[in-house]
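I'd like to ask some things about the structure below.
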């Protein structure tokens, strides 16, 4: 049961869930949730490969930095969302049209 | 036996949480399901012998990112409580409709099929090796890697975080009215 | 994974006998042993938590020259049982505006977060449920679930007092996690490992080997840790999230009956856990205060007693502080955390690192009295 | 003999399970024992006797977010410091103490820069924005 | 010659250091650090001069080079080699170029310390100036297209900052944006070419590319139906077109004068615009292999002539110079195209010298009289003798008067063009190249002397003007007529010395060794045409099996030790099937023709603007003049039609359609297009509009809109879907 394939499958499901959230949701916070799911999927892949294929800890380092970057991304992203809400009074992603034209 | 059990529980938590994030209409509940999902991923890390990464996952995500997201929801969701009286589900329309969901599901099916075949290829071509059943401590190895091989990334990550802190603080700082 | 209670017991002969009885199924035996110890520990902690409420009232009465509870049982010692029964039979009220799922989930999350920390608490050198490599790190991480639960408790009630308390509580808990974590980092630095076994093992021998006396920075770090821990567990003088004179009862205003009980239980056990961690990290943990070269089962029990003594003394100090100091304002709370404790903790960390390199790892006492290295 | 790896994770799971069991059990007991006499008044959110107006899920001061933000950055930095700190002594014994110290201190110095920036810009002052309003109210 | 990295790297690193110091601490330094920047360039100059002297005063050898590499990163895994080398590649051409860039940049820096004095952007100017110079030096030093591209982009950024340095002015901002965006169009192609080369060759180092050409690795490879060599050569040349402001992408350069004049001097003369020519020269074997030299020649000729015609009607002194730069760049590119490798590079150098001098002179004028419209100037000869001297020397040079450098280089290009167009047996249509070239040469002489005459000769029109409209408030202050009195020019080290130094080098003697560059007029008895000898198109066979020198090693090879070292002399023409006799004939005819044309241009200008016996053509042919004043409507076409109506319109297209503004779109949009066609070609107007115009075009554009509107929705989630789709298709291509 525990093998490379199952981990890859789980991470694929995570990724697809993040994909659906990112595409379907119109709430910017929800889109950020989707991004977190996708980042987790990739980090999981790295660790799984590190265990089953390369047998060194570089994958761990990589997923560690993915987590770090995810934290920075969430911090900045949510700050932007909050500022956006203060200006537009909404968090609907399609309202972010200031730069469109 | 216990390993299998742990794996099954973690996988269940992960997949269930992920699916719940997708189907939930309430953003607050979505965040909580994300929390469950992330804890599940931490469990999966543990079954892979990545104890440090697992705990880091819990520390950063559960202790940090999810709380930050809950804060953000509170800071953006509850406004204008006369028109959305008693109901944060006033946000529900922005959680997607059948059109966006059908597009998303279409895209994800394409992606899913592609990747499943890819995973099949990978599993066939890289016969997964098992490197014994010993799970040595990863902490000191990770420490050595961070200090030796990846020292630049280690130092730069602090600069990245400083940049994120400064940038986000500037963006989110309360303005003088 | 260095050591567990199972691996400790497995060095005795009776373990093999019991293993025979289990048909050589190690996994099952391990499960049974772990479950047994877990139930014991949970029962112990629940009792301590319960007794904590009693002790708190009794000590406060002492400090304020009152009598305190004295009706139920001798000296009112069974008061906590009465309270428990009362809670169980209270009506379960939920505000109709509440978010039902999260309302149920919040106390459960608090309980899970606190109980999970018990798994790494070093009761003695042998009786440690799981001596993980990432022990103390794991403890910090998993206890952040409590912060989520406080926020959710406040949010789910959909009451203004609760919401304010929840927001305050969450931001207070996360804020004070920083100085606490950095103080712990200093100890990790000195011990050269994150597992409790390594940390406690480093402090063997005379009390001069305790990390609190290792160097001046570590001495300061202990107080930073302790103050931060008080705030993290929402204890007075940092009990702003449940400040009764401002917020009625804070994030658990709307909680009644058993769910309130679980919140209270989680809080008391958490206080116990942070006191235990303080004892293990700074005060030598379960080590006997002198060198001992043999290891038999009764010694372990003595060690457990020593650990409990240190922890409970700290517990007493916590209660003492509560009834001595007035409550802080929110702005004072934040400025203490970010403008005092965090910079001091960072300086401590740097100081410990420099000390370690300059004096090649020797402690203050070893430098002064010329100890072995 | 040494136990298998995952046995070490077993207590964690057992404790978590115990917490859930205790919660469910306590809940069940209270359902059995407690009286149930619901009324509208009882299930109204408590506001010192006043009838609550509006939802409590309203907008909060953005300072909460700023605190969370500073926290998460420091949290992540401390996470990265843990493995380095835990091998610090080992490196020192290997004679690489100076190198490790430089790495470690340069990492911390960026941390200090962050806190100094926030301090300077007033992100650490909780009541900065309130002071203005209270002054105005008094006048 | 003992080279280590230490003797080469300071050329690049000293200005970078100055940039860093000025960027962070410039405000705290005395004079905002301008002396530091100037000093750093001087250091570069010293090191460049050392290399130059080693290369030039060593034995004549065309194929000596220093090539030092180090591994930038190495991701090779097992059999898959994925390794990127960086390094330094120095040959004769690079040595000459280094000396030119650093020398001229040093003089420009020196001049700028005078020009930018007490300017509000003084400090900022001296932040970007050394970075700009260092990027150019780095580009010249770099040994592969990849690092070339990096420096290329740094230059793009610096030019953006320098052009828009007065960021309060909207025009400056627009101009900088325009420069940036227009060059970006070319850069995309350049990057495409580099990536294509990388994909096929696995390396973008010059020597590897040369070796691959020699080994025939390009043979048989095709991309999208066209030969791979043609594809990459075209891509790289398109990049060069953007940077060197060739015909369709030239619109940014005239606007680039919005910045301070020394900045323009640096952009127009020494650095940025020559980068395009540089990469074309470096990749010349590829251009030949790809068989696009005729295309290069045609583009160059069109630019040379078109820009010259526009320059004849400009009134802004800097605009005239800008268009003359365009025209001269056209000559360089044309020179590459017609196979005149040596002369094209020579024109880069000579042009850099006199154009830098011209721009600095213009800066000197502008800074002194605060006026740059030529009709308002005049008679400045008396007030600014030194500037007049320098500018006259340069004008003589650029006009192609014998004994001056411009004559030497341009004449060779024109001679080769003559051969290329008429005698080499090519497509007769290509005769347009020499025709346009000679016509442009005549125009060059004309407009340059027009500028000289309007500015320095005749009577001073400034006072008249101020007398005319400033009569009312003048009485109060008496002599202060226009707020600024023209002062008599005194010899200022920072103002005049750079001009005079540069004007010395406008003599053809320095480059050709003879007075005229032609065989008549030998001075020293034997021909010492060092320039012609040292620079020639890279011979690709030489690089087969080359070995690299590791970074940091001392390179003590002597030129004499090289197996290939020999006195190699060949004709300037390096194209296919050179016929020496015909070439010689072409050069003789070309020289005579260009002298006649140049003098007739000068004479015409003299008649029009000094004697006033001929009415200026600007008044005679007003229709053409309007067209020229509007620069052939290129800006209008790009901005109004392509960007406003096209790109933005496409986005909103269907919305317009829905709202019933179909009519408005058709009428307005078509009218805008019309105005272009109308004035550009008057006889054309009444024929087409009704027939094809309204309906057909509108529908076609709207159909196109439909596609673009979907793509440019501005919705992030749509972009994300696209991303995923690209990922999926990438996976499929990987799998199969």
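For clarity, chains are labelled A, B, C, D and E in written order, and residue numbers in each chain start from 1.
Simple rule for what comes next: contacts are C-beta pairs under 8 Å (C-beta built on N, C-alpha and C of every residue); 3 or more make two chains touch, one makes a residue touch a chain.
Predicted, not measured: the structure shown is a model, and the values here were computed from it.
**Student:** Tell me, which chains sit next to both subunit C and subunit E?
**Tutor:** In this structure, the chains that contact subunit E and also subunit C are B.
**Student:** Going by the touch criterion at the top, tell me which pair is linked by more C-beta contacts: B-D or B-C.
**Tutor:** Of B-D and B-C, it is B-D that has more C-beta pairs in contact.
**Student:** Work out per-chain C-alpha centres and flag the one nearest the whole-protein C-alpha centre.
**Tutor:** Centroid comparison flags A as closest.
**Student:** With chain centres defined as mean CA positions, report which chain is farthest from subunit A.
**Tutor:** E
**Student:** Suppose chain centres are the mean of their C-alpha atoms. Which chain sits farthest from subunit D?
**Tutor:** Chain E.
**Student:** Per the centroid of Cα atoms for each chain, what is the distance between subunit C and subunit D, given in Å?
**Tutor:** So the centre of subunit C lies 15 Å away from the centre of subunit D.
**Student:** Can you check how far apart subunit A and subunit C are, centre to centre, with Cα atoms defining each centre and the answer in Å?
**Tutor:** Taking the average C-alpha coordinate of subunit A and of subunit C, the gap between them is 33 Å.
**Student:** Can you give the whole-Å distance between the Cα centres of subunit B and subunit E?
**Tutor:** Each chain's C-alpha centroid was found; their separation is 51 Å.
**Student:** Taking the mean of the CA coordinates per chain, how far is subunit A from subunit D in Å?
**Tutor:** 21
**Student:** Of all residues in subunit A, which are in touch with two or more distinct other chains?
**Tutor:** Within subunit A, residues 19, 22-23, 64, 67-68, 71-72, 74-75, 78-79, 82, 86 contact more than one other chain.
**Student:** Taking each residue of subunit D in turn, which ones touch at least two of the other chains?
**Tutor:** In subunit D, residues 4-5, 7, 9-10, 55, 57-58, 60, 62, 64-65, 68-73, 75-76, 79-80, 82, 86-87, 90, 100, 111, 118 touch at least two other chains, as defined above.
**Student:** Which residues belonging to subunit B are in contact with no fewer than two other chains?
**Tutor:** Within subunit B, residues 2-3, 47, 49, 52, 56, 59-60, 63-65, 67-68, 71-72, 74-77, 79, 86, 100, 103, 107, 111, 115, 135, 138-139, 142, 146, 157, 161, 164-165, 168-169, 172 contact more than one other chain.
**Student:** Can you list every touching chain pair?
**Tutor:** Every pair of chains meeting the touch criterion: A-B, A-D, A-E, B-C, B-D, B-E, C-D.
**Student:** Spell out the part of subunit B that touches subunit C in their complex, as residue ranges.
**Tutor:** Its residues touching subunit C are 1-2, 26, 28-29, 32, 35, 51-52, 55-56, 58-59, 62-64, 66-67, 70-71, 74, 86, 135, 137-139.
**Student:** List the residues on subunit B that touch subunit A in their complex, please.
**Tutor:** On the subunit B side, the touching residues are 3-4, 7-8, 11, 14-15, 18-19, 21-22, 27, 30-31, 34, 37-38, 41, 44-45, 47-50, 52-53, 56-57, 60-61, 64-65, 68-69, 71-73, 75-77, 79-80, 91, 93-96, 100-101, 103-105, 107-108, 111-112, 115-116, 119, 122-123, 126, 128-131, 138, 141-142, 145-146, 150, 153, 157, 160-161, 163-165, 167-169, 171-172, 175.
**Student:** Flag every residue of subunit A that touches subunit B in the complex, lowest number first.
**Tutor:** Interface residues on subunit A, with respect to subunit B: 1-10, 12-27, 29-30, 32-33, 36-37, 40, 43-44, 47-48, 50-53, 55, 57-58, 60-61, 63-65, 67-76, 78-83, 85-86, 89-92.
**Student:** Please name which positions on subunit E make contact with subunit A in the complex.
**Tutor:** 648, 651-652, 714-717, 720-721, 724
**Student:** Quick one: which bits of subunit C touch subunit D in the complex? Just the residue numbers, please.
**Tutor:** 1, 4, 6-7, 10, 26-27, 30-31, 34-35, 37-39, 42, 87-97, 107-108, 111-112, 114-116, 118-119, 129-132, 137, 155, 157-163, 167, 171, 174-175, 177-178, 181-182, 185, 188-194, 248, 253-254, 257-259, 261-262, 330-331, 333-335, 338-339, 342-343, 346, 349-350, 353-354, 356-357, 360-361
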